[in-house]
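Can you read through this structure? Questions will come right after.
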Amino acid sequence: MTNGAGAGLTVRGLSVSYGRVRAVRDVSFRVPAGGSLGIVGANGAGKSSTLKAIFRQVEASAEAIEFGGADLRSTPPHRVIDLGIGYVPEGRRVFPGLTVRKNLLMGAYRRRWRSVGDGLARVHDLFPALARFDSALAGGLSGGQQQMLAIGRALMSDPRLLVLDEPSMGLAPVLIAEIARTLQVLRRQGMGILLVEQNAKLTFTLTDRCVVLENGEVVREGASEELRDDPDVRRIYLGI
Amino acid sequence: MIRVGLGKPALLAVLFALPVFLDLYKAHVAVLIMLYAIVAIGLCLVMGLGGQVNLAQAAFFGTGAYASAILTATYGWNPWLAAPAAILAACAVALVVGLPALRVQSHYLGIVSLGLAVAFASVLTNATLTGGASGITRIPPLPAPGIDLTDEYNYYYLVLVVLAGVTALALFVSGTTLGRRLRAMRDDSLAAAAVGIEIPQYRLMAFVLAGLLGGVAGVLYAHLVRYVSPDTFGLGVMFLLLAMVIIGGRDSVWGVLVAAALLVAARDLLIGLQTYQQLVYGALMVGTVVFAPRGLAGVASAVRRRLPFPWPSVPVPLPWRRSAEPGPAPPAPSPRRPPQAGGPAIAVAGVSKRFRGVLALDGVSLEVAAGEIHGIIGPNGSGKTTLFNVVSGIYQPSGGRVLLHGRDVTGRRAHELSRAGVARTFQNLRLFHRLTVLENVLVALDRDPAYAHARYLLGPWSVLRRERRDRARALALLRDLGLDGAADELAVNLPYGLQRRLEIARALAAEPSVVLLDEPAAGLTAGEQDALAEVIRRIRGAGATVLVIEHNMALVMGVCERITVLAHGRVIAAGRPAEVAHDANVVEAYLGSETAREEAV
Amino acid sequence: MIGLAQTIVGGLSMGAVYALVAMGFAIVYRTIGLVNFAHADVVMIGAYVTVTFYLTARLPFGVSLALAVGLTAVMGLAMERVLRPLEGRDLDLMLIGTIGFGIVLESVAILVWGSFGTAVPTPIPNVPLHVGGVIVTTYQLLVVAVSAVVMVVLFLFLDRTRLGTAMQAAAMDRVAATAMGVDVGAANALAFAIGSAIAAVAGALVGPLLYVSPGMGASIGIKGFAAAILGGFGSIPGAIVGGLIFGLIEAFSSGPLSAYADLITFVVFALAMMVRQTGIFGERTGDRA
Amino acid sequence: MRRFEWTAALAAAAMVLLAGCGGQLAGGGGGTSSAPIVVDLIGTFSGQNADLGSWAWNGVKLAIDGANAKGGVNGRKITLQKYDDQGQPTVGTDLAQRAISDRATMVYGSDLSTVSLAMIPTLTSAKIPQITSGQAPAILAQGSSFIFLDSTTSAVFDQTLADYLVQKQHITSIAMVSNNDAYGKGEHDSFLAELTKLAVTPTVDKVVTPDQKDFTSVLTEVRATNPKALFIGAEEVETGLIAKQARSLGITATFTGGAPMGTPTYLQTAGADVAEGTIMTSPYLDNDANAKTRAFAAAYRKAYGQDPELHGAKAYDGMNVFIAAMRKAQPDLGGQRLVDAVRAIEYDGLLGHFKYDERGLGLHATQIGTIKAGKVTPI
């Protein structure tokens, strides 16, 4: 199955279970090359487990997990980045004891030495704050700054698809707006975006299509425009 | 009435008949085996049961031996007078080595205790009182009317009797409330505090028990060999004791006995090849830790489970074992009536909690009426669990006040709040995994304070009586929650849903007036969620007040009478479920705000 | 006053050795989270290998040290393979598993080199220099100098090189480092090799100061381990400061009451741990309940 | 519950049982039958002082092989069993029990005074004669009639040494460093007693422990008094370490002490340059002192491929005294008869003339030697 669609990310029949608890049941979705997809759902719906399965951080079974023709199921966890997927983990997970600059350099760990310079320049103009705090320890940054650093670090590997896990968590609304603006800029530059978020309204504005998860299963899927006004979404979130 | 395998009486018979076959030297080695076994059982109690990494056990053994040597050989005391003093000295040293355990644990405690053991050995080598490097000679034998205790064989029987007593004591402790609390503390000291166990007292008690046994063996050693020198209590012996406990199976008294016999006998057989003997038990330690972490005891129980061999066994009436006959079922522990009706069961006024600059709770206030089921919801990172930890005493608030039934309990510790009637479950299931289902409930059900263990000395039979009564009440509670089928199963082996229910059973066992449930529905199937709702209603029906944190909106909206919504550490809404679900702030907190849309276009 | 200075000099030279041992502990702990009690015996093996090249094969000390460091590093890689099942297990098992492994190393050393042990002449003429009334021997200076060089090289490797930064990242957050493409398994093995290599240097340096014997690991190991914890377990600067402080405590406590040096040293250490569980540079894992 | 463990415990007990029976059969008889005479050698074969064990074994075996070649003790061969006490007194007491159950005719052991002291009560109560290469006066003070020294005691050593230093060399500024095990204490007390008799007080008198390795703080105090001579009371390796560290701290005093300083181990540990000029007292200074020592040295070199030294010679003499006593007391070699025979005979050995008194001392004189160009030479 290597038709044109091969360029994007294809996930089919993905299931994840921790011991006897089934966190994700038979989830399938596609992120076309340069396209964007949101995965939303209440807490504990299986959003993060889905991403952890793609990045081989948890045991999972799936009919297919492919990106740009490569089968992720047989790729060792520390080589997924080579395929061109940038990862912004849940809770940011910057390296607290390293400086901002070194965190960014770690993002380019798998890149040739030459291209690191222009990668840094690109991140600095996207996030000017990171240039100002260049030699500060990442652990000392505020929540918002750490989130920007996590995104910058992912961009340093010059990915074709950027995957973000709950970037808005714990951030004040004004910071969420700034991160939304950055993602818009990246999308305009042709970067593929896979956004996993509890904040449904935000996700509907940033992605073309969305998938809604509840108890580990896909309960709704469609264009973000339609889902934004769908009364069912509120029921899924608030139970009544 | 339980069925006792033929093994126990057969082994005792063999041990009594053994000396007849042994020549003088073998008898001497057999006595050494038993002495090391007594010290190793002490280490088994403090490390296997209590979970304290104590690498100074050899120093307690040495204190017992040197104290009796100094008192008898240097100061001429009568050995029977010197013995209790020496044992007391060993307990005192154990207490001192135990003090750091109140502040540091695991490998930190390991290195601190090892350092103190090295210091002890160097004091023995240097002090003139202890006879410097050549030690103390001419220690008098134990005088006994009519029995010549300088004779190896008589001494063998003396030590055998003491060993039998020590083993009985160890089994008695590990099978009853003191041992259960030690093991609970070992499995999860945070959860143990939450069910009312005073952690500091129990850590020191574990060390004193180890000191007691070390002292007893030390006294017997001094009067057997009648010579003590520093090298007997150095690092070599410490690692031998450690090997016995690890290879034997850390919390199994029998495993330690078997390992002691095997290791010392091996040391004697390989006497000529000193280096190979050291290589053998070093390799045994690594192999055990990597391949059989539960040691011989673990292997034995695994083999027994796989090989249902019909061991010959004989019925023996034993009062306190689980009685088969259905006696009059005592009532399941019912939640205590709150002291006075009317006032709110829980009142939180302006509570805030700061973690290194991050404000997890910012002026939270809420009231929960007595007998109410109150839900707390909010997106991730909103401070829900932090609030629970403040109300249950795990965290002390940075500001504001917490009232329980009108009484101010701000800043009180977890075990104090547990005694005051607060019981809780944990978000990520903190069961005592190496205790059985029944024992998990028993630990919470037993409300006695630490000093009640004086009963072990004053009235052991009363301990058995209370044990029987508590077991019956625990069984009744398990039957109520449909868990009695798995009573003797280790908590770790239960399916996830049953583990969740066991945690609730453990909370109820403490007859709480207030029950805090932290995400009880996480990972449950739809059927299990309905059963949970029913259990929550039954808890409230029995008179307790219930506070629930939950993400599963269906459950929260169905069960809770009132709800408080938290976001970014602040209360953004409160009221009946229907009102709250339609509140604009709540919708925005969950679904996100519209504002992002205008700017994004 | 002279006595005070003399004690400090003595303390610093032994302190430098304890710092090296502590650094070995710290590197292995921070990357793999393994409390490697056998590290003390790696120091002993390093000392013996150096002595074998230096005395038996008559190679110059510098060459012997280099060969010993290389060989012990390779042994470190093999050890990491053997102890890998212990990584991340509960700490009691890890502690006892590595103690058992230490005993195995000790008995192997006895089988290979005999239990007798050997005195080692100082590689350079050990001339006592009078510096303002205080005696400093040339070998003591060599010990402190070589330790300082090792500390600087290690710091530069961790701080300036790509691989060093990746190792630090792996130590701070295994999942994030893997996502950035760091092979954490290989990084841990390398950390073990570096830890063992530093242990070999410590062993080689302490040989002439004291006496090379299969049992030498125990006392140096315990003090090196305690120094690492005093400085803040897992922190390299902490290990260096902890080692020097430990050397000084030992030197001062063996002044007037030399008989009770160990007692004073370890009681001071126990009190320090009770006051500040995480040591000077703080590693936040102390027990909170 | 855990029934399987019972069976494992049963198996363990059975194993000890079998080992027991095994022990039962192997025991030799001390009595008058033609069964071989059992001699147990308990020595230090591992740890820092492991040399002492092998030297004692070489000397004793050489004497026994010589006797067996000439028909043993009127037809009864002597068998020698080797046990390693690891230099630890506790292991010594266990091995003493072993010798009793072996029904040994005599015990040669141990090399360290501390270990020998620990074994005396057990062996004496079992009436098994014991000869030790320990020199501590405390051994003789035990008041046992079953203990014998194979050379002389620290008292004799140190009287000879102190007289030589003070009266012949006119050295009166002497510092003392000794360890606190039985041997070290014996050397310290004897040497100090002799100095006080000669109205000399040591410039400084420091005590260290047997397994100590770092002597900087103690030697710093010694250096402050700038002594002419430094008396060291410790075993071979420790003496060597103290000497080496003393020189590295700038102490120029002449090293002096007892028998340990006459051994190759001291020379190798301290280094030939540090040991140069050491003055020591020892009853056996070099191999070509007389015809008897040359013959012994040749036999020793043929058997073991290395030159003998004091400890090998002591063991050879001690065993030969007992062989002579056995020939006199046979056929009944019971403990009491054997010790009476040892006290009855006189024996001219490598170390000098042996005549045992009630307390167990046989040799009453020693010589003074010094180290020149790495070689022990009598003065």
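The first chain written gets the first letter, and so on, giving A, B, C and D; residue counts start at 1 in each chain.
As a convention for this text, a residue touches a chain if its C-beta (ideal position, glycine included) is under 8 Å from a C-beta of that chain, and two chains touch if they have at least 3 such contacts.
Everything numeric here is computed off the predicted structure, so don't read it as measured data.
Chains that count as touching both chain B and chain D, per the definition above, are C. Ranked by separation of Cα centres from chain A, the top chain is D.
Between A-C and A-B, more C-beta contact pairs are found at A-B.
Computed centre separation for the pair chain A/chain B is 43 angstrom, with centres defined by C-alpha atoms.
Centroids built from CA atoms put chain C at 35 Å from chain B.
Centre-to-centre, using mean CA coordinates, chain A is 78 Å away from chain D.
Looking at chain B, one finds that residues 122, 126, 274-275 touch two or more other chains.
Annotation for chain A: no residues touch two or more other chains.
Residue positions 110, 115, 259 of chain C each touch two or more of the other chains. Across the assembly, chains come into contact as A-B, A-C, B-C, B-D, C-D.
Remark: chain D residues 2-10, 12-17, 19-21, 23-24, 27, 45-46, 82-84, 86, 88-90, 93-94, 97-98, 100-102, 113-114, 117-118, 121, 125, 138, 179-182, 184-185, 209-211 touch chain B in the complex.
Across the complex, chain C is touched by residues 47, 51, 53, 99-100, 102-108, 110-112, 114-116, 118-123, 126-127, 189-190, 192-193, 199, 235, 239, 242-243, 246, 250, 274-276, 278-279, 281-286, 288-290, 293 of chain B. On the side of chain B, the complex with chain A involves touching residues 379-381, 495-496, 522-523, 551-554, 556-557, 568, 577-578, 581, 586-587, 590-597, 599-600. Those residues of chain C that touch chain D in the shared complex are 3, 6-7, 10, 14, 110, 114-119, 121-122, 126, 128, 130, 135, 137, 139, 209-211, 213, 215-216, 251, 254-255, 258-259. Chain D meets chain C in the complex at residues 46-48, 50-51, 206-209, 213-214, 216-218, 220, 223-224, 237, 240-241, 244, 247-250, 268-271.
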